[in-house]
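The following pair of complexes shares a single chain, chain A, combined with chain B in the former and chain C in the latter.
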Partner chain A sequence: MSVPVLERLTRVGPPRPPPRRSTRWLATAVVFAALAAYPLVLGDSNAQDIGIQALTFGIAATGWNVLGGYTGQISFGHALYFGTGAYTTAMLVRHDWSPWLAIALSLPVAATVAVVIGYPTFRLRHHYYSIATIAVAEIVLLLVTTTAALGQASGLELPIKEPSLANLQFSLQDKRPYYYVALALFGLVALAVMVFLRGRAGCYVRAIRDDQVAAAAVGVPVQRYKMYAAVLSAVTTALAGGFYVMFVLFIDPPSGLGLDLSVSFTLMAVLGGAGRFWGPLLGAWVLVGVQFLTRQQFSGSGRSVDLLLYGALIITIAVVEPGGIIALIERVRRRIRRSP
Partner chain B sequence: MSLLRVDGLSRRFGGLRANQDISFAVAEGSVVGLIGPNGAGKSTLFAMIAGADRPTSGHLHFAGREVTGWSAREAVRAGVARTFQLMRVFGSMSVLDNLVVAAHVRYPGRRAATNRAEHVARQLGLVEVADLPAAGLTAVWKKRLEMGRALATGPRLLLLDEVLSGLTPTEANEAVEVVRGLRRDGITVLMVEHVMEVIMPLCDRLVVLHHGEKLSEGTPAEVVSDPDVVEAYLGSPL
Partner chain C sequence: MTDVLQALVNGLLIGSVFALVAVGLTLIYGVMDIVNFAHGEMVMAGMYASFFAWSVVGLDPLVSLPIAGVSVGVVGGLMYLGVIGPVLGKSPLAQVIATFGVQVFLRGLAQFLWTPDTRTVRHVWADGIRLHIGGVLLGGPQLVMAGGALLCTLAVAALMNRTRLGGAIRAAGEDQAAAALMGINPRRMYALAWVIAGTATGVAGGLVMNAYSASPTAGVTFVLMAFVVVALGGFGSIGGAAVAGLLIGAVQGVVGRYASSYTLVAALGIYLLVVLVRPRGLMGTR
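Up next is the complex of A and B:
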């Protein structure tokens, strides 16, 4: 049994020893150092804008990844949580709350929404779950569009205040403070997500993703862990929404709750590498960058061109390496290491 | 004392009677075989015992406690673990992590669960493939992993669904030795199996299902000489 079977096995995939803890932490530190250096190296305003948006959407997509990538519950409605963060923050700031408190309070709101929605929808599997998330998000979009207190279709504007860290508003000449706040928030998210995934919870959600029935059969409380993942996912995405609204000082239904926003979170995570921690941030960086470049090259919104490129990227990823850019990098590195 | 008692258990799917008034008991420390032609209702019965499905009527007792209609998680915590006929490993995870998931039900801590998983890996000879992704395993290894995963939950009763089918004679003999080892460790085994040559010497008792009903029960020797069983398998004499 031993020799031929092992030969067959190694053909499928070379044994990949898990990275040692020390090298993993080192890699994390290096990435954070590079992120911190980015606006110092590339000083112009466009680079700052790209960085801020990439980090913001990177946080949102990282949130998506907890539920979609690691737990296997593919949501196409995550704009709902982004919007929950954005609208809650906007409403409270308009009532003279501190933006920090406002963002903090929007997180339990998003968690509650996730639990209320998760309870019925997590009984659905596969595509049925995904379709339900679209439906719920679209319903909320319509509700907000017709609610006077939330500004209906014209949205909510936020008051411009004295630039300061307490007001979470900074000079538009130098947007680096925004960048570093976003980076700090991403650091917080990274810590929360890594802690969640390191222990039993990480083990359980991956098992649920791979085979829900088998997971239940070895005693995994499936619904409960889907819910934990959904709450962490929602809170993370809402955090991005809260910061986003403080950066642009405006929110309306399409920019906070639209289906294309939900899809873009999914796209970022899948492009970078779903189910891998750095995938969503990398994907966000690529997509935001592509959007900026096409707008520069083709003037106006440059819209159709960036969508064209997105489509091409997704097809390429699906054909070449469904694990996303990160998996592609890993594959290339393995190949280099094998050929001396 | 019987560890598991099945009492008048029935399961209907609409008009189909998958299980009809089935009763038998499994003594602690024994190996019991559940046999019967395809579609006899063996897997349905397994699902109900393991908490994956609820009976339409009847009762289930485990370790002296009524547990009818319990959940899969309750079953695992009480000490009932199962394998799947069509192997359902966690494909993206390594073999060892598959075992760790299962060990977590008794050991919440990462280290303790990993220790338990490594112990089971040694017990079932899974050490050499421990770091490989489970999706890449061949069917034979997947079956072993299924067994290891069930074992990692620390069961008192192990439900094995056709773990021997599809194996070469050598592999089947290895698997039989594993089952014997389980019995030595005090684990009670209820196994669905088709391969009679293997099951005859291995099992203390056999329960035969046919068309969702219990056709016969007894020691292997008694069961194979039961005219009803012979008729179900070979047809009636002309």
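Up next is the complex of A and C:
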């Protein structure tokens, strides 16, 4: 489903009737209710871990989706923003800052990084842009690995504190508070992203994705709107990084800035459905779930079946339905509706 | 002064290997507009082929180069038939993701079949060679790797630019419909491009076994450089890849002499600098 935005921007005549808002809001409310009920239905520690990780990476992949899925700028360096959030939060918390303040402060830092990197790299098109994002992220990873203040290759550990909401640390016996904090953060992200995409910005960025030259020709300020998308994208991914480091209480270059991490954000978004709001969260849930289950089944052998399954899953989705699981569901639903 | 010269020579030697690895990548891109993220895993497959030719039959990596080339050529052909063919004409993101899937799958397969252990070929013939030229020492394995890589790069360039087959492949890449009207079967040409790229990459994998060890993640070392080399040279340009490979190698060699932890930073930095001044790379046309 590629929305012919350009057509919409340039069309003369009466606009199409808007989609029914009430059903859309109802669907969103139902999804959030299901997410809120999840840890109450599945109580065990593994299910909690899956939920927390899926929400964290779901937030990061939702951030990727704003720039990659909606604006069409395919970044393979988003771990840079995740790491910016994680490292800024870790440094400040080690200096006795409140984790909430630390995470909040890491967001403008990530936004600044996005602007500084976006300014030169957004002139590059297609694959040149993608490879440049890899290069930038790898350079930062290598620099962090040699910087003593950031713990070099051995990483940074965070102090364990009294479990409380203010300290953003909870008992490890019952991780539900972590889950609900992650869910609240996801709600915040959902609101910001939906507001961004509903308005003029959403229209413009989709136009840039579909055809940058044509978009510029009808008067879309291309560079400026790429930058807006990049900032929202970076801030969202950094938020995930900040929460992640508070949950794990440890960060090192591969887990915060690695290429594999960048790629996993992309894969999650595409698996669920790039350019669709719920795609990244769905993809994150599926990938995190698959990883947990396969590791549990085949742990200890050293021969990882999880990579094989994971690879096969990605190939299948790319070949069968590049629109992701959501597009697949829509296709099946349409087919059912057509046959009586 | 000799120190710098030595560093430069070492860099150029490894740079020619980067060039050969990049040639396969840029060939696929030039013909099909696809960036193959599983390219490092193709190098890895060549390395394993070379290792097993040594451990099972006792062949030196130089002797088993054809085996490594043919096996990875087959891998490339299968990859086209199984994954790339079906996603041709779909969105660019789908194509990228498909090759990512192959990357993860091949890495997983290597880990499943051969465990994460590193495997090294011992006592390669090339170890016996040593050349001193004006105070600069040329190690056998490095010399053999570089020489083989340069020859193979030239062979691929000649095949693509000088033969009717190469012309047909390039024609199919430029305009599928027009090529079909001229009696060229585009799909067959695409498959052939994958086989050629696979063969070249397999030979690269076999060559590096003279100095490196095979493991499921061995390809990562080369593929990151290959991406940078391809983009620096200009996507799709074989000559650009060769020049960029040597340039990146030289920069790495010289920087490595003074600050060994910043070699990769320097290589990536050069790429960013060039591409910001010239967004199409050194010799790219698109």
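Note that in this section the second predicted complex is superposed on the first by the 316 of 340 C-alpha atoms of A that agree within 3 Å, B and C clash if a C-alpha of one lies under 4 Å from a C-alpha of the other, contacts with A are read in each partner's own complex, and residues count from 1 in each chain.
Keep in mind that, in the parts below, a contact is a pair of C-beta atoms (placed from the backbone, for glycine too) under 8 Å apart; a residue touches a chain by one contact, two chains touch by 3 or more.
Computed from a prediction, not measured in an experiment: that's the story for all the values here.
Trainee: Examine A:R209 and indicate which partner it touches, taking first as chain B and second as chain C; both and neither are also allowed.
Mentor: Only chain B; A:R209 stays clear of chain C.
Trainee: Is A:I314 touching anything from chain B or chain C once the two structures are fitted on A? First, second, both or neither.
Mentor: In the superposition, A:I314 contacts chain C only.
Trainee: Which chain makes contact with more of the residues of chain A, chain B or else chain C?
Mentor: Between chain B and chain C, C touches the greater number of residues in chain A.
Trainee: So, does A:T147 touch the first partner chain B, the second partner chain C, both, or neither?
Mentor: Neither partner.
Trainee: Going by the contact rule set out at the top, does A:I139 touch chain B (first), chain C (second), both, or neither?
Mentor: A:I139 contacts chain C only, not chain B.
Trainee: In the overlay, answer first, second, both or neither for which of chain B and chain C A:G199 touches.
Mentor: A:G199 sits against chain B, while chain C stays out of touch.
Trainee: Using the superposition on chain A described above, determine whether A:N46 touches chain B (first), chain C (second), both, or neither.
Mentor: Neither partner.
Trainee: Determine where on chain A the residues touched by chain B overlap those touched by chain C, and list them.
Mentor: none
Trainee: If you look only at chain B, which of its residues touch chain A in the complex?
Mentor: These residues of chain B touch chain A: 50, 52, 71-73, 76-77, 81-82, 84, 88-94, 97, 100-102, 104-105, 108, 110, 113, 128-129, 131-133, 135-138, 140-141, 149-150, 152-153, 170-171, 174.
Trainee: What part of chain C is in contact with chain A in the complex they form?
Mentor: These residues of chain C touch chain A: 29, 35, 83, 86-87, 90-98, 100-109, 111-112, 115-116, 224, 227-228, 230-231, 235, 261-262, 264-265, 268-269, 271-272, 275-276, 279-281.
Trainee: Over in the complex, which chain A residues touch chain B? Could you list them?
Mentor: Listed in rising order, the residues of chain A that touch chain B are 1-2, 5-6, 8-9, 12-13, 15-18, 198-200, 203-204, 206-207, 209-211, 213-221, 275.
Trainee: If you look only at chain A, which of its residues touch chain C in the complex?
Mentor: Touching chain C: residues 68, 74, 120-121, 123-128, 130-132, 134-136, 138-139, 142-143, 145-146, 259, 263, 266-267, 270, 274, 302-319, 322 of chain A.
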